[in-house]
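Each remark here refers to the structure printed beneath this line.
Chain nomenclature is as follows: A, B, C and D, assigned in order of appearance, with residue numbering initiated at 1 for each chain independently.
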Amino acid sequence: MITTNPFDAGRTQGVRRNSGQGPDGDDDTLREECGVFGIYGHEDAAALTALGLHALQHRGQEAAGIVTFDGEMFHAHRALGLVGDNFNAAATMEKLKGPMAIGHVRYSTTGTPIIRNIQPLVADFAFGGLAIAHNGNLTNALTLRTEMIRAGHLFQSTTDTEIVSHLIATSKATNLIDRISDALLRVEGAYSFVMLSRKKVIGVRDPLGVRPLVLGVLDGHYMLASETCALDIVGAKYLRDVEPGEMIVLDDRGLTSLHPFPRQKRRFCVFEYIYFARPDSIVESIPVYDARKRIGMELARESPVPADVVVPVPDSGVPAAMGYAAAAGLPFELGIIRNHYVGRTFIEPADQIRHLGVKLKHSPNRAALAGKRVILVDDSIVRGTTSTKIVDMVRHAGAAEVHMRISSPPTTHSCFYGIDTPQREKLLASRHSVSEMAKIIGVDSLAFISIAGLYRAMGHTARTEDDPRFCDACFTGDYPTRLTDRAGGSSSRQLSLLEEVA
Amino acid sequence: MITTNPFDAGRTQGVRRNSGQGPDGDDDTLREECGVFGIYGHEDAAALTALGLHALQHRGQEAAGIVTFDGEMFHAHRALGLVGDNFNAAATMEKLKGPMAIGHVRYSTTGTPIIRNIQPLVADFAFGGLAIAHNGNLTNALTLRTEMIRAGHLFQSTTDTEIVSHLIATSKATNLIDRISDALLRVEGAYSFVMLSRKKVIGVRDPLGVRPLVLGVLDGHYMLASETCALDIVGAKYLRDVEPGEMIVLDDRGLTSLHPFPRQKRRFCVFEYIYFARPDSIVESIPVYDARKRIGMELARESPVPADVVVPVPDSGVPAAMGYAAAAGLPFELGIIRNHYVGRTFIEPADQIRHLGVKLKHSPNRAALAGKRVILVDDSIVRGTTSTKIVDMVRHAGAAEVHMRISSPPTTHSCFYGIDTPQREKLLASRHSVSEMAKIIGVDSLAFISIAGLYRAMGHTARTEDDPRFCDACFTGDYPTRLTDRAGGSSSRQLSLLEEVA
Amino acid sequence: MITTNPFDAGRTQGVRRNSGQGPDGDDDTLREECGVFGIYGHEDAAALTALGLHALQHRGQEAAGIVTFDGEMFHAHRALGLVGDNFNAAATMEKLKGPMAIGHVRYSTTGTPIIRNIQPLVADFAFGGLAIAHNGNLTNALTLRTEMIRAGHLFQSTTDTEIVSHLIATSKATNLIDRISDALLRVEGAYSFVMLSRKKVIGVRDPLGVRPLVLGVLDGHYMLASETCALDIVGAKYLRDVEPGEMIVLDDRGLTSLHPFPRQKRRFCVFEYIYFARPDSIVESIPVYDARKRIGMELARESPVPADVVVPVPDSGVPAAMGYAAAAGLPFELGIIRNHYVGRTFIEPADQIRHLGVKLKHSPNRAALAGKRVILVDDSIVRGTTSTKIVDMVRHAGAAEVHMRISSPPTTHSCFYGIDTPQREKLLASRHSVSEMAKIIGVDSLAFISIAGLYRAMGHTARTEDDPRFCDACFTGDYPTRLTDRAGGSSSRQLSLLEEVA
Amino acid sequence: MITTNPFDAGRTQGVRRNSGQGPDGDDDTLREECGVFGIYGHEDAAALTALGLHALQHRGQEAAGIVTFDGEMFHAHRALGLVGDNFNAAATMEKLKGPMAIGHVRYSTTGTPIIRNIQPLVADFAFGGLAIAHNGNLTNALTLRTEMIRAGHLFQSTTDTEIVSHLIATSKATNLIDRISDALLRVEGAYSFVMLSRKKVIGVRDPLGVRPLVLGVLDGHYMLASETCALDIVGAKYLRDVEPGEMIVLDDRGLTSLHPFPRQKRRFCVFEYIYFARPDSIVESIPVYDARKRIGMELARESPVPADVVVPVPDSGVPAAMGYAAAAGLPFELGIIRNHYVGRTFIEPADQIRHLGVKLKHSPNRAALAGKRVILVDDSIVRGTTSTKIVDMVRHAGAAEVHMRISSPPTTHSCFYGIDTPQREKLLASRHSVSEMAKIIGVDSLAFISIAGLYRAMGHTARTEDDPRFCDACFTGDYPTRLTDRAGGSSSRQLSLLEEVA
C-alpha cells in the first residue's frame, strides 16, 4: 500500500540491493504488502492484536504498529522489525491501554524504510482522532494527491493511505461513517481497511473484495483480520469473510453491517490462494492448503513428465508438490533444505562459490537428488533469477534431469493492488515464451498451470469473461478497476522530493 | 516552539520526572527551546550546518535535524541526541547532498520525545517541497490549528511550526515569498525561521525581534544562525543581525532583504543576554560576556554586602560573578565545581545522602568556602529548589554566611515566546517576596538586580513604557504580543489525543 | 560444552525462563551445544568460515566467533547473536585478516549469556597464541579444574574448554602437537576440537568419535567442519570424516594425520542422525535424510496403527514422517504449520487462550486434521510438555484420533557429551512407562522405535554389548566414558562464584 | 594501568586517531588512567560505589565496573561508557547485591577498547573468588608475565593487574592477606589497589605512595577512594589518606591497618596536584584548588610579563590562572569558552576552516581578547599541538600579544606509573628549549614554573635529592622505582598477539 508510483510498482525511495546478485534474491519474489487486525471491547485488546499480527507476519516483516484507544487517549507504538521483537515487552504493552485496538504489519524491503510511513496512520480530525490501517493499493492515489496538494493540503507520508485520511477530513458529511463512505467512494483500487475512532472499530473491504478480510469472535468480542490464522492464534472463532464492499462497524451497539458502495461482482485475488495466504488459513470457505494441493494435482494432470521424485522449492511450493506427487504417483522428497537462520548479507568470498545467495537460504539434499529425474515444483516465476540458481544447484547435486512445474500461470503483468511486483518488462513471462523460459532457467522441461486448470482447481468449470470470479490480472492483464494514475500519465511523477537518511 | 498548550508552558505528553526530587533538578531551569542554522551555495553545506548546530547545542540537546537540497531531491536526517553523535558519520553526511542546507537543534526534556516533532519539518506543497526550522513560539497556534482542522486539514505533529506549513499551503499567493509573508501575517508570537525551498534559503525574524538571528558570510556564501558562535566555529564573518521583521532571501541572485510586515519597535529577549546565549556570542553588537559582567557589576553596586568571597553557581553564573567581584573588590573563587560527566539518573541510596541530585552536577570546594562569608551569584531563580540545595551544600562545606545575588530581576511570569518555563504558580518569585524567598532558600541575604539596573547594564538609562527595547515579560508581565490562545480559553484543550509509546 | 556441572546438565548461572510455561517451550528440546569450522591457507579464510558457521547455525544460535591469524597477529570477533547478523559487515570481515581461520557457534539458552564464554577461546602461551573451538563436553572437567586452581592457576571462563588450554600450557612437551596430545590424554568425555596456532590449523576428534568432524577441500585448501553442510555451502568437496581419535594437522606441509590416542571402538552419537545434524548432511557416509526416513519406515513396521494421515511435527519430524507414511501406505500431510517469525516472548493475554506458547511456533492446519485419525511423528519426547500441547492443539483442530510415533527410543538418561538435556528426573521417559506417557500426553496410542529397530534402520543387524557402534547412552544408560566428576561427587560444587550482570 | 609496553607508554593495540589532526586533540593530553572505590558493610554498597565512581569519572571515562559480594555470590557489572550511563538502571543496581563492593573507572582512549580488560578483574582462586581494581602501573609486569607464561600460566587480559592475580594464586602463603603481601612484594611500580574477597575489602598503596588512596567513613561504614571528592558525593567523612605502603583491611572486625612492606620515603605524584585530581579534592591534607592557585601565584612571581588580561585554558588551567592574575594584579577573564557537548568526530568540511578540532571544544571569546595583551595559563604542554592551535585561535580573535604560562615544569620524560604519556620523543619539552617551544607554539613569550617554584608552592623550601617528597620523574627523570621491564629490553615485545575486532 505504498503508493510512490503504483505503475512503477517499484520504489523510488531508498536503496535497493541490485538485481538477482543479492544473496537472498529478494527481488525475485512477489510480496504481499500488508496485514491488518482489529478488535473491539476486549480487555486484552493490544495483546490480542500483537498475537494476531504475529500470525500475519508473513504478510509483512518490515514494520508493525498497534494503536489503541482507552476512552481518553489514543496510544500508538509503531516500529521497524518483527512483531515478536517489538510487542513483547510488558512496559510497551501496558502503555497500549484500552479495549479497542487495530494493528498493521508491513512488507520488508532491502532499502531504507521510512518511519513516518509505518501504519496505523493516526491523525487529528475535527471530530477527534482516527487511526487507519490499510492492506491494498489505490490506483488513483497520485491523481487525488496532486489535486489535494493543489488545494493546500499537506502530506506527511508517502503512503496512499494518507489520501483516505485527507478525503475523510474534507468530507462534508456530518458523521464519521458517512465521511468514510464519502472518502472511499472517491478512491479506486483494492483495499481492506481497519480503522479505530474514539467509539468504533471499523472494517471495510473494497467493492471487488480483492484483498481478504475476515470476521471472528472471541467470548463475544468481535475482531477483524486479514486471514483466519490470526483468529486461530488467539483462539477466536471464524465467523465469515467480510463481504466485498461491506463495512463492518463494531461499537457499543455490537456489530453493524453496512453496504455503502454500489454492488459489483467479486474479484478476490487468486494469488492469495497460490502463494500469499498462510496454508492454514481459510479464505471464503476454502482452505488454502487444500487449494494448493488441488492446484498441484491439476498441474500433474495437465503437465505430466516421467520422473523419479517430486521436490518442492521450500517453503511455498510444498503443498502443490504434494498434490503433484500424489496425482502423478511419484515419491515426494525434500530435495531442498531451507535454512531459516538468515541474516542480512554476507561478504562474498572467492568466485568459485557459485550462487552463494541462493545457498544461504537453500541447500541441496544430495540424498534425494543424486541420479534422479527431478520434478521441481514452485509457486511462480517472477524474474527467473532464483529459479535459475536453484536449478543449477539441483543439477550440481547430481540430478539426472530437472523438470520444473509452476503452480500459477505465467506472471505477465504487474499488480497494482497491493502486491510488490517488478515492472512488467522485468517479468520473465512478459518477454519470453515458456520454451524460452525453460532454456533460460536451464530445465529439461517447464510447465505452468493453465488459467483453465487454475479455475478448475478452485472449483469453477472455467473462467468467464464477464464474471471471472477472481482478480487474475497478473496472468491475464484483465485489471478489474480503472488505473487512473497510469492513464493520467502520472507514472512519471515523483511522489516526494524528500529522502530520509537512515 | 512546542505548542501543546503554550499557556501551560509545560508539556502534556510524555513522562516527566517529578519536581525537584530528580537528581539533576532539570525542571528548575529555564531552557531555550531551539537553535537554527541555514546556508546557501556552499559545497560543504551539510557539514557546515552540522558544525553550526554543534555550536548552538546549548540551545537544545534533545534532538537535531538537517535538511539539504541537491537540485533534485531534499535529503533529511533528524535524530534524537547530540549533533556530535548523529552528524559525524561519513555515511550520513554524504547522503546530505547539495549546496543548500538548514538545521535545527531542539531542547531536552526528561520525558519521551516524539520523533515526528523533530525539525526541520518538511512537506510537499503544490510548488514543491519546503523545509522549515523554527526558534520561538506562536501565541495563536491553537486557535489557528482548531480553525484549520475544522476546515479539513490534517496535522501530523504537535508543533506550532506545522501551522505555518498549513498557512503557506493554503495561501492564495502565487509565489513562495508571498505565501510565506501571507502565512506569517496571520501568526502571533515570537519566531526566527530558516526555511529551505528548491531555490532559496530564507530567514525571517518576527516583527519584534524577540528571538535572535544573525547573518554571516564565508567565502562569499551567506549563512544564517541563531547566534554568532555558530559563525565563529566555521570561520564565517559576522555581518549583522537580521532585523526584526526582516526576511532574508538567499538564492542565485545573492541576498535580498525584504520587510513584509508593518514595522514595530524592537523587543529582543533580554534573557538571551542574561542566560540563554553563549557568552562568546554577540547579539545586536553587544558581546554577551560583557553584558553579563556589567550586570554583575551593577548588581554589586545595587546590593553590596560584607563578604570574603564571590562564588559563581557554574557555569552560567560565572561572568556575572566576575563582574560582581570586580565591582565589589572581593576575591572571585570557584567554590562550586561542576561535574560534566552527568548521565541520566542514579538509584538513590540511603537517606543520609542529602541533596544527591544537585551533587551529581556540583561539588562544594571546601578550600574556597570553609569559614568564609560567601556571595553566591546565579543568573535566576525559577522554582527555587536547586538554589535551596546549593545553599545547603555550601553551608555544609563550612561557609560562615551565604548571600545570594541574582543577575536577573525576579522571574514572576511565564514565557510564551519559546522558553520552557514552569506555570506561573510554580515560579517562586510569583508567590513570594524577596525576603520570603531568602528564607525559603536559606540564605542570609538575597538580592536580584532591579529592572532599572538591568537596563543600565544593557546601556539604557531606564526602561520606558512605550519603548522598553527588550522583551522582559517574564519579569514585568508586559507581553509584547497578543496571547490569543489564552484569551480564547483554549488553554484547557488537549492538543492531540495521541500518545506515542517510546 | 559448557561445563558448569555436567551432571546437572543444567546451568547454574543466569536466569532461566521457568518450565514449560514459557511460550516457546525451549526447555522441552534437546539441543546440540556447538558447531566448529576451520580452514587453512585460503585467502578468504574468514569469509568461508562465516559461511560454514552459517550452515552450522542449527548447532548453536546464541553466539558465534571467528579467530584468524595473518602471520603476525590473531584477530578475533566473538559476538552474541546469529552468524548472519554479526559476520556480514565488510568492516568486520576486513579486520579478520589472514589465510587461517577457525570458528564456533554456540547453543542458545534462555538465560543471560556470558561474553567471556564465547568461543573460540584464545590465550597466550609460552610458544605463542592458540585459539581453541570445542564441540562436546568433558566429564572430568571439574576434577581437573579444582586440581589446577589448587596449583595456582587462574580460570577466567566457566567453559570446560579452558581446562584444555591450561593443560596445554602446563604440558612439559616441547612442541605444540605433543602438548595438545598430552593435554587430551588427561581429559575424558566427548570432543571435536579445531585449533589455530601461528602455523597450524588442527582438528581432533575424541577416541570414541562421539561428536562429528569432517574433512573437506576447496581448490586444494583443506577445511574442517562439524557437518558436511558447511562444506556444501562454500562449494567444498567432502573428503571423509575425521576418524575417532585422529588428529588432523593442516600447515605448510599440507595435511598430516596423527593418532596420538590408544585406539577404541567407535561410538558416534546416534542422536545426531535422529535429530541434531542437518538432514542434508552426510555422517560417516550415511545421508542423515535417508537415515531419518529409514527410521520412520522401521517405526511404521514396528508400530502400525489404522489411521487416515501421517503428520510430522515440524521441522524435525518431517523425514521420519515421510518414511512412516511411505511404509504404512498412508497419506503424508502438513497438518501442523510452523511459524518462523518467532520473537522472544509475548505478554500473555487472557486465560482463554490455551497453549499460547506452542501456538506462537505452530499452527494447526484444520484442512489436514479435521475428522481424521492422525499419526503424529516426532523425533523425541523430552519433558513431554510440548507434546502435550501439540496433541491438544491437534485435537482442537478436529482430529478424530491422535496417535504419536517417536523416531527415537525413550530418552531415559541425561547426556554428558555436549547435548543440553534436563536432569534425569525431568525426562518423562525416566519416570513413566510408555502407556503412562500416552496418558500424560493425551494420545490414543504412543510408540517409540525400539533400540533394535533403530540399529536396523542404521544398517546394523542388532546392538551388541561389546561393540554397540553408537553412543546411545541417553536411551540405554551405557555411557562410553568414565564420569569422573560425578563419581567424585563434585556435582554439588558451584563452578564460579561470579554472576555477571547483563 | 594497561601494561602493553609501559616504556612505550603508548598502546600497541587498537586503532588510534592519528596525531593532532583529530578534532579533539586527545593525544595531546596527559591522562590519569584510573580511579578506584571500595566500601564494606553498607546496605547500599553498590549505589554508593556508583556515586563514588561518578565523582571519580575525571580519572577515566572509557569504562566502569562494580563488583559486589552478597555472602554467597560475587556480582559484576562492567561496561564501556560513563558511570552515569551504565549504573543508573534499577534493574542493574538490584543485581549488584550485597554490603561489600569495589569499583573502578578507566581512562578513555580513542582506539578500540577491549572488554576483557575492564576492571575490577575477578578470578576464582583455591581460597574462593577475589576481585581486584587497580590504579597505577607496574614496571616489571612484562618480566613477571613472561616468567609466569613460561611456567604454564594463562593470561586472559592485557592488563598488568592480572599479574597480581597470578602472583596471589601461586603464593605459598596460607591466608589471603599474606598471599596479597607476597604478591605485592614481587611487583615494582605504582599502585593503589582495592580488592574484594568473600570476607574483606582491602586497600593497598604502594610503598612510595605514588598514586592516591583515601579513607572515609559514612555512618560507621568505612570506604576507600582515589580522591576525597568521592567521599563528599556520598556525604562520607574524610578520615585520612591511606599511608604509602599501608594495607587497610575492612572486615567484620572493623578496620585493620597493616604495613607489610619495608618503609620507604614517600613520593606522591606531584602531577596529581597540578592536573589530575579534582580541584575540590584534598590530598594529604592539601586542597588541590589551593595548591593550583599557589602554583599560579608562584608562576606570576617567577615569570611576570606586562599584559592586560590573564586567560585560562579551560577547564584545567582555571585555578592557576586565578592565582596568577591575583599575584600579578591583572584582570582574570574567560577568554576561551569550553563546549561541553562534544561528540565523537565531525566530517571535516573545506580547508578554510582552520583548526576545526580545537574549535569543537573551545571557542574564543572576542570580547575578552580583542586588542588585549593576553597571558594564557595552562597546566602543561605535552606534544604542543593543542597549544599551537589555541594560540592561533586567540590571535585570530584579535589578541595583541599572547604570552603563555605553564603551571608545571617542562614535561621531559614519560610516566611509567599510570599516566598515559606519549613516548619521550613526542614530548615537545624533551626535544626543545623553552625559547624553541615558544616559537613553535607561536607565543610572544613562554614560561614554565621552575621545579623550585613548584616545591615552594607545595610548601617545601626546596627539592632535595635524597628526599624529594614527590614523584616528579616526568620533569626530572628521577624515577623512584626500578624500571625492570625497560632494563630487560622487553620494551620491544608485543604483549598479546590478539586483536579483538570491535
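Operating definition for what follows: contacts are C-beta pairs under 8 Å (C-beta built on N, C-alpha and C of every residue); 3 or more make two chains touch, one makes a residue touch a chain.
Predicted model, so just to flag it, every value in this text is computed and none were measured.
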Key: Smallest count of steps, each to a touching chain, taking subunit A to subunit D   = 2
Note = Relative to subunit C, the most remote chain by C-alpha centroid is chain B
Geometric centre distance via CA averages, subunit C-subunit A, whole Å = 37
Note = subunit B and subunit C have mean C-alpha positions lying a whole-number Å distance apart equal to 60
Note = Taking each chain's mean CA coordinate, subunit A and subunit B are separated, in whole Å, by 48
Request  = Could you list each pair of chains that touch one another?
outcome  = A-B, A-C, B-D, C-D
Message = Quick check on the complex: what are the subunit B residues that touch subunit A?
response = 72-77, 92, 95-96, 115-116, 122-126, 128-129, 149-150, 152-156, 162, 165-166, 169-171, 198, 496-502
Query = Mind pulling up the subunit D residues that touch subunit B in the complex?
reply = 42-44, 47-48, 50-51, 54-55, 57-58, 61, 82-90, 93, 218-219, 229, 232-235, 278-280, 282, 287-290, 318-319, 322, 326, 331-334, 337, 339-350, 352-354, 356, 359-360, 363-368
